[in-house]
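In what follows, structures are represented as structure tokens.
Two complexes, one shared chain (chain A), two partners (chain B, chain C).
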Partner chain A sequence: MYILKLFSTFLKVNLQQDLAYRADAIVNMVMSVIGTGWDLLGLSIIFANTKEIGGWGPSELIALMGVWRLVNVMMATIVWPNTEKFNTGVRDGSLDYTFLQPVNSQLLISITRMVVWRVFDFAIAVALIIAGMTSGNVITSPPLVAAFLALTFSGAAIIYSLWITLISFTFWFTKFDNSVTIMAALMDAGRYPAQVYPYWLRALITFIIPIAVATTVPLQALRGELMGWQIIGFLVIGAAAVFLSSRVWKAGVRRYSGASS
Partner chain B sequence: MQVVKTMLQQSAFGAPGADSNPIVVEGLSKTYQVTDREGGFGAAVRSFVKRKFRDVKAVQNVSFRIGQGEIVGFLGPNGAGKTTTLKMLAGLLHPTSGSAKVLGFTPWERNSGYLRSMTLVMGQRNRLSWDIPAADSFLLNQAIYRISDADYKRVFDELNELLDLAPIIRKPVRNLSLGERMKCELAASLLHRPAVLFLDEPTIGLDISAQVRIRAFLKEYNRRSGATILLTSHYMADVTALCERIIIIHHGQTKYDGKLVDLSRRIAPFKLIGVTLGDCADCDLSRYGTVVPGEGSEDAGKHSVQVKADEVAAITARMLAELPVVDLTIEDPPIEDVIERAFHE
Partner chain C sequence: MFAIYKRLWLVNWAEQWQYRANLLMYLAFWLVSPIVYLAVWTTIANAQGSINGFTAPDFVAYYMMLLIVDIATSDITIHIFGYKIMDGSLSNELILPIHPVLMKVLVNNLAFKALQMMALAPIWLILYVLYQPVFAITVTHVLLAIPAIALGFMLQFFAGATITCIAFWTTRVWSISDFYSNIFRLLAGQFVPLALLPAFMQSASQVLPFRLALYFPVQLLLGKLSLEETLLDLGLQVVWCVILFVLFRLVWRAGLKKYAAVGA
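This part shows the complex of A and B:
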């Protein structure tokens, strides 16, 4: 209850901050629509020449694009703005105040800055998923939809945990923000199914920067390609990632020495 | 205010194993490991391949106790270890060795009960969000510190009465003057009624009148709430206005812990006699003591003579009898000089 109240208060404050920059919000909404249109155009060109990519048809790829965009919404709403704020905080010492507040510091650095107008991107992502799932030959059932939702959530949690781990390394190495940039570059690989990539890249986006776990895997569940134990396995991996990243964060915070006065 | 005081006392002394002193520090030390390399390109390359580190002892074996309601000045030159000590006591840094209890809590365990009972104000850092009015940041603090609406209103009204916040809290923080911002920073730091305040140069950069207002506020807040305050400042006016007791730290070690007046007597057992003379071209003031250059305007016939404290009465009498004295004052040596001497003693 407390966390929800805290979250809604931060949301309100961030909304006030974003409302101060109207032009910026409108430009970004237009960019989202153009980006989505561009992605759909790319898919239509591909499918004008071939019937499937790695065994995935057009409607499934639209749904995949929706899931990929959903993960990107999380990144754009929370991860990137807070990474910037975190790096500034480490350099100028303003992070000190974060650690002085009687709230879990990991939660606080994750929600301090939220780019609220990204809710528009969220709507586009959900629309793409629904359009993809209902327009083609995706055979699905309520248990598969439940598995899809759980795996999407768990996949997003894995990406979030990876981010927390990477920024925690700043406490040891002082400057480590480029790792987050590499992570951002590899996120792009999630827009197509993992099966279309060469083996080494598939391994990279599944085990190292697990964007495939956050995008391809949930849709595989929706297509009925995953066994029950596999679904449970991915959910356990998600929970383990959250647990381990919070341990790394706590260990990092212990090393925090702040900027000098 | 009685309600606030009672709540403060509950939060301060309800902590498990609380000492009667809210702040107890025993043998606290902090050593940083820093990269050590010479200047130049070659050294940069060598350091990239093989790092050399050296230890910097920021705080060494510091011990003190501070009683409830005390305001203690924590003084030292830049790099003496003041901020490091304050950050350890606020729970931001883990010490290399030693122990500390604040309100019965070990600070660096960052128990949420502890974090709700104290505050750290750093004059050189911003707690408030830049783009939104301070009033919105206050509401954020209300949520973070779980302050009920009734308590928030009561405490805010009081802070408003003392700091005259109403005209400034609706403006975005970036549009406030430095003095206005410091008022809001202090208010944001005190909304949760902390029982212990760590203030790291709270008046830095402020103009004289803003400094005076902040000092008056801190004194009144301390009087009303009984909060314990540990204050660092390079402005001696802060120290003389607020602190009966000071702790001096230099090179990470405690040099002095006691009353400010006692330090003055010990370090500088002399007084300054300011004397304005009438027509007297060949009066020799060095017969009475050490003539201090630049202390008075000699053009106006004013001179300062430093004499031993126990000889002031006799020398003053001699001066009045032997010289054409127009005006005469007896002053303590400037506190800046006393502290400066203490740093290097």
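This part shows the complex of A and C:
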């Protein structure tokens, strides 16, 4: 209950901060719409030259784009802004004040900064998913949709856990703050079904930086390509990632000695 | 003048080496999307035999060449200079008797590029072994490509510097820079060889300068252009460089006035 209260407080603070830059937020929203149109144009160029790619049709790629954008919304709303704040905190010691709070520190460093207007991008992503699922020949049934939603959620949780793990490593290796950059660079690989890629890239985005698990896998579930045990397997991996990353974070925090004092 | 550039280069080169681990991370930004698009288009080409005459080996050669040219002509002004306008640290640089953008940022760009190229070399060789591209490259093409790449970079540098100057008026410039890179992706040939774009976009890409910074040098190095076409595009590059340079000077001057008013 108090987590919700904390969350809504941070939401309020961040909303106030964002409202100071109203023009900026509006420009960003306009750019989001144009960006979406531009991405769809890219897809239409692909499908002007082919009927399917790796067995996936246009409507499935639109849904995939929606899921990919959903992950991107999470990154842009909390991951990137808080990484910035975290790195500054480690460098100048202001992270001390975070640990002094009587609140779970992982929660605190995850939601201190939130780019609230990104809710708009979230809506675009959901619209793309719905458009992709209802148009064309995507075969769906309620259980498949449920599996899709569960895997989308757990995929996002895996990416979040990877982020927590990477920034926790900063406590051991001070010069590790740019490892998060590699996540940003690899995000682009989530735009298309992983089956298209050569095996080494597929392995990289499945096992090392699991963007495919957050984008391709939910769509595979929606297409009915996954067995029940595979779906459960991915959900278990998601839960394990969340658990392990919070342990890594706690171990890292114990090593923290502060830069200011 | 030359001595200043030389000194700046030495300082920047040493600075870049200090951050070599970060450089490798940044290199991933240039590597991932060409490899992704290469995979997408070769998959389609393999399934159909060819797309409008483009076979899978054509795409491989195209994107392998693009990997090099993209780094060579790209510009990072917004990343190394944008925040200085936003947080006011530009003030310190304005006191120096050198131009903050035309000297300092330019050399910083080049030092970053040189190190990126060194990091790219081994990765590119691995990709070469994996993909086995076939190039029909001649000495003439390489010699013509040197000015084409240099002008392509200058073109992007002036464009990037002008866009960064928008920060004098708006507090943040990232969305505008995103917008620019979105356009660049489709109209400069990062996403697909321009010959495969729909007709209206092809004609747009012909008129606009974006293709001169990337697609033109790539096509030149792939031996797809006649001497006349090459000389015409080199001339166009010079014209656009002059236009964007003048534009940058105007925006810079107007921006500084605005900056002085706010930063004082």
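Criterion: the second predicted complex is superposed on the first by the 260 of 261 C-alpha atoms of A that agree within 3 Å, B and C clash if a C-alpha of one lies under 4 Å from a C-alpha of the other, contacts with A are read in each partner's own complex, and residues count from 1 in each chain.
Definition applied: a residue touches a chain if its C-beta (ideal position, glycine included) is under 8 Å from a C-beta of that chain, and two chains touch if they have at least 3 such contacts.
What you see is a predicted model; the values in this text were computed from it and never measured.
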item: Touched partner set for A:N178, first chain B, second chain C, both or neither; value: second
item: Partner chain(s) touched by A:L6 [first = chain B, second = chain C, both, neither]; value: first
item: Dominant contact partner of chain A by residue count, chain C or chain B; value: C
item: Contacts of A:W38 with chain B and chain C, given as first, second, both or neither; value: second
item: Touched partner set for A:Q16, first chain B, second chain C, both or neither; value: first
item: Partner chain in contact with A:D188 - chain B first, chain C second, else both or neither; value: second
item: Partner chain(s) touched by A:Y256 [first = chain B, second = chain C, both, neither]; value: first
item: Partner chain(s) touched by A:P102 [first = chain B, second = chain C, both, neither]; value: first
item: Which superposed partner A:V196 touches (first chain B, second chain C, both, neither); value: second
item: Chain C-contacting residues of chain A that also contact chain B; value: none
item: Chain C residues touching chain A - in the complex, by the definition given at the top; value: 21-22, 25-26, 28-29, 31-33, 35-36, 39-40, 43-44, 47-48, 51-52, 130, 170-172, 175-176, 178-179, 182-183, 185-186, 191-192, 196-198, 201
item: Residue ranges of chain B in contact with chain A within the complex; value: 32, 83, 87, 90-94, 110, 112-113, 115-116, 119-120, 122, 124-127, 129, 131-132, 136-137, 139-140, 143-146, 200-201
item: Of chain A, residues touching chain C in the complex; value: 21, 23-24, 27-28, 31, 34-35, 38, 41-42, 44-46, 48-50, 52-54, 175, 178-179, 181-182, 184-186, 188-189, 191-192, 196-198, 200-201
item: List of chain A residues in touch with chain B within their complex; value: 2, 5-6, 9-10, 13, 16-17, 20, 92-94, 96-97, 99-103, 254, 256-258, 260-261
